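Two complexes, one shared chain (subunit A), two partners (subunit B, subunit C).
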Partner chain A sequence: MKILAALDSSRDNSYILKEVARLAANTWADVTLLGIEPESVSAQQPPFTKMDRRTEDHPLVTSLRQGRSLFLKHFGDDGSPYTHTTVTSELVEVERGLWEDLQVCRGSIKRLNSRLRPGNPGRAILDEARHSPCDLIVVANSSAAGGPELTKYVKKVILDADTSVWMVAESKTPHRIVACLDHDNVSQPSLELINQMVTLYSADLEIAGLTSKDVLAGDVDHRMAEIVKYYAENQIKALVRLVEGSRLETFATQAAHGNLLALWMGKKSLLSRFFHPRAVDKLLGVAESSLLILR
Partner chain B sequence: MIKALVSVYPDLASVIAMNYVCRLSRIFDMEIQPIFVKELEEANKAPAVGWVRQTWENSLLDVEQEAMNKLIEAEKTEYARLASLQVYSGNRQEAILDNLLQGGYDLFVEGSVSRFEKSELLRRTRSRLYQNLPCPAIIARNLIDFDKVLIVIGEMSPAAALLPRLTRLFAGASLRFDLLHCTIIEAGPLEPVHPQHGLFDEADDLLAAVGWQPENRIALQGTPKDLGSRIGEYSMVATTLPAHPERHGGLLELLSNTPSPVLFCRP
Partner chain C sequence: MSDTCTILVLDDEPIVGERLKSLLLKEGHLVEVYTDPLKAVGRMEEQEFDIVISDIRMREMDGIQVMKHVFQKSKKTKVILITGYATLELARESLTKGAFDFIAKPFKSKEIRTTINRAVEALKGNT
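== the complex of A and B ==
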C-alpha cells in the first residue's frame, strides 16, 4: 500500500500524522509526507519559490521535518520499518574458500519520503499523486480549523484524484464506519481499506445501499451481497441498510456525526452531489469525524 | 429438531436470511429447507405470448435458480442439514403458506434489508402470509452472530401469548436472553419503569415452568424511536405478531429502529 499524506504548513498536523502512522503500522505502507503551502499565504511569509531553496528555516521546511519526526516517533526506536539504522554482520563467500565478514547497513523495510511542492496546494497534491502513484491520499478535513476557504483544495483533490481520499478530522475516534454505495464498481483494495479502518478504530461497520424510488438497483444489490459475504468470511460484522437517494444528504450528514463516513464514488454516482459547493460545506461543516472517499 | 422453511430469491436479503439461519443451526438442532417461488411475470413485461413467452420465462427461471443453488451450495459446505432448493411458480405467499402447512414446519425465515422505516414491517405483517402463519417467523435483517436474544413483552406483546410459543420453539436449548417490558408512548423521554408492580411476574412464572432464566429484566418507557435505539444489537428480538398491525404501529416502529433480526410469534 502507498499513502500520500498532505501536510499543510499553516496547521497543526499532529493528528493527521498520528492517524497516518497508525494506518501505516497496520498495513506496512510506503508513505510520502508532502509539504504543501496553505491556500492563503500570509503577506509576512515569503513564498517558498522566491526564497533561497537551501534555507532551512522556511516554515514549509520546518513543518515537514517536524512532521517526519512525529511520524517516526509513533513507531519508536525498535522495529520501525522506516528507519535505516540496522547494522548487521553477514558472512559472505567472496570466492571459493574465502569468506568476508561484512558489516551490512540495511535500508528501511518500507519507504518514507518527505517532499515539498510549493504553490497551489490542490494542484501540488494531485501532481504528486500522478508523479508517484498511491493508493490513498490523506488530507485534513478543512472544517476542523481553517474554515471554508480550504474546502476548495480539498474538493479539488476529491473530485480530480484517481485514488481514494481520506479526509481526517481532529476529533474523537469514530464508533462506526458508515459506507455508502450506489453502484457496483467496488474494488478489492477499497474493501480492504475499510477492513483496515474497522481494525484501526475497533469500529462497527454499516453498509448503506442507496435506493432510487425505493428500489435498490439489481447490480448494487448483487454487489452488496458479495460485500456482506466478504466481511462475514473475514469475521467482520457488517450491518446493512437501505437509504432512499432523496434522503441521502440528511442521512450522510447525520451519519458523519461521530462516525467515519465512507463513500464509494462512481462516475455517475449520486454521491457526487456532495461535492457541489453548497453540499460539501454543509457536510464538512458538521463533520467532526472523518470522511473517506473510495475509488 | 426445528424444521425451518427459508424463502430465497437471488438477492441480498436472501443471502442474509440463508446465512443467518445457518448460523442459528450452529446453536439449535435444525433442518433447513430453502424454497424459491417464481412469481409469474406481468403480461406487459413478457416479450411475447405462448411458446416464446414460456421459453423466456423458463430461461429467466434457470438463471435465478442457478444463482440460488450457488448460494445454497456455499452454505452447504458448512451446514450438513441444508436441503436442496425447492422451486415453485405461482403466487409466492400461497405457495409458502401451503408448504408451511403441509410440511409441518416449526419456523419460517425470510430476509429483508432494513430501511429503518415502519412501513416495511407493516406491509409484511399485514400480508396474507403473516396473518395466516402456522408457525413463528424470523425476518433476518443483518448477519449477527447468535449470542443473546431480547424478548419483548408488554401491553402490545403479552407474555402469556408470546412465551409459550417461544419456549416451545426453542425447547431443550439453552438460550441467553434479556426480558424487556416496554411501555410505548407517543412523546416524552426514555426512562426506566420500576418493576415493583409485578410487571414480570407472569413472564417469570411461565419461564420458570420450563427452566428458563433471563439474564436481565429491563422495564422501559419511551417513544418507539428511543426504545429502538436503546435496545441496540441483539442476535434476535422476539415478540408477538400483532393480529392488527396497523393498531400496533408503535411496536413495529420500535422494531424498525433496531438492526436485529425479528422473531414474530403468533399468539
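== the complex of A and C ==
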C-alpha cells in the first residue's frame, strides 16, 4: 500500500500523523509526507526557495521535518520498516542544470518520503498523487479549524482525485464504519481499503445499498448479498441496510457523526448521481467526522 | 541466474491471483496461480519456486504456515506475503519468520513489480 499524507504547515498535524502512522504500522505502507501551505499563509511568509532547503528557517521546512519526526516517533527504534539502513547514491538536481551525487539514506524495508510542494495546496496534492500514484490520499478534516480556504482545497482533492481519499478527523476512534457502496461497480481496492479500516479500528461494518425508482430493492438486495458474502468469507460481519437515493444525503450526514463514513465515488458510481458536490460541503462541515471517499 | 523466475501465487480470491498472473507474465516470469493452499503446498513439494507470493488469511492454511512449508523445501525461495487485514503483529511476525516483504492490499502493480525486482536481485546475490 502507498499512502500520501498532506501536512498543512498552518496547523497542528499531530492527529493526522498519528492516524497515518497507525495505518502505516499495520500495513507497512510506503508513505509520502507532503508539505503544503494554504495560499493565505504563504502570502504572509517569505516564498520558499531552493536556499531554504538545508535550513529550518522556513516554516514549511520546519513543519515538514517536525511531521517526519512525529511520524517516526510512533514506531520507536525497534522494528520500524522505515529505519535508515540502506545508503544509496542518487543524483539530485540542486539547481537547474546542476546535479549533485548525494548519499541518500533509505528505509530498510519500506519508503518514507518527505516532499514539499509550495503553492496552491489542492493542486499540489493532486499533482503529487499523479507524480507518484498512491492507494490513499490522507488530508485533515477541514471543519475542525482553518476556515473556508481549507475546506476549498480539501473539497477539490475529494472531488478531483483519481484515488481514494481519507479525510481524518481529530476525534475519538470510530467504532463503526458505515460504507455506502454502489452494488454493481465497487472496485476491489475499495473493498480492500474498507477491510484495512475495519481491522485498524476493530470496528463494526455497516453497508448501505442504494435504491431508487429505477433500481428495484430486490436487485439491490441480491447484489448486497454478494458483498456481504465477500466479507463473511473474510470473517467480517457486515450489517446491511437499504437507503432510498433521495435520502442518501441526509443518511450520509447523520452517519458521519462519530463514525467513519465511507462513500464509493468511482467513475462508474451511481452515488455521484444522487450525491451532489454541495453535499460534500455539508459533510465537510460535520464536525468530528472522518470521511473515506473510495475509488 | 537470469531475470526470469518461477513464481507461485496463492490467494483464495481468484481475482487477485489473475491480476498478479497477468502482471508477472508480462514481466517474463513463469507463473502458477493457486486458490487452494493445500494444492499449492502439494505443488511446492514437487517443484522449487524462486518466489512465492501468498495471501496471509486463508481458510485451510494461513500464509505464515505456507511460508514454513516453503522454507522446509527451499531456504533460498523469497516469500512475499500479502494481506487485506493487516495488523502490526502480523507484519512483525511475517518479517521475523523470514518473509522477504509484506504488502497490504490494496496495492498498485508498480508496488508488486518493485518488490519482485528486489527479490530477483536478492536471488542473484546482489543485495
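For this structure, a couple of remarks:
In the analysis below, the second predicted complex is superposed on the first by the 237 of 295 C-alpha atoms of A that agree within 3 Å, B and C clash if a C-alpha of one lies under 4 Å from a C-alpha of the other, contacts with A are read in each partner's own complex, and residues count from 1 in each chain.
Going forward, a residue touches a chain if its C-beta (ideal position, glycine included) is under 8 Å from a C-beta of that chain, and two chains touch if they have at least 3 such contacts.
None of the values given here were measured: they were computed from a predicted structure.
Partners subunit B and subunit C, brought together by superposition on subunit A, fit side by side with no clash.
Looking at the shared chain after the overlay, A:237 reaches subunit B, while subunit C stays out of its contact range. With both structures placed on the common chain, the touch criterion links A:108 to neither subunit B nor subunit C. Contact with neither subunit B nor subunit C is seen for A:83 once the two complexes are overlaid on the shared chain. Look at A:185: by the touch rule set out above, it reaches neither subunit B nor subunit C. When both complexes are overlaid on chain A, the residue A:120 reaches neither subunit B nor subunit C.
In the superposition on chain A, A:253 makes contact with neither subunit B nor subunit C. Touch counts on subunit A: comparing subunit C and subunit B, the chain ahead is C. With both structures placed on the common chain, the touch criterion links A:224 to subunit B but leaves subunit C unconnected.
Once the two complexes are overlaid on the shared chain, A:2 sits against subunit C while remaining clear of subunit B.
Fitting both structures onto chain A leaves subunit B and subunit C with a minimum C-alpha separation of 12 Å. Overlaid on A, the two complexes show subunit B and subunit C touching no common residue of subunit A.
Residues 1-2, 25-30, 79, 81, 109, 133-135, 188-190, 192-193, 195-196, 198-199, 234-235 of subunit A are the ones that touch subunit C when the two sit in their complex.
On the side of subunit B, the complex with subunit A involves touching residues 11-12, 15-16, 19, 74, 113-116, 141-145, 233, 259. The part of subunit A that touches subunit B in the complex is made up of residues 209, 216, 221-222, 224-225, 228-229, 232, 237-244. The part of subunit C that touches subunit A in the complex is made up of residues 15-16, 57, 84-88, 91-92, 95, 101-108, 110-111.
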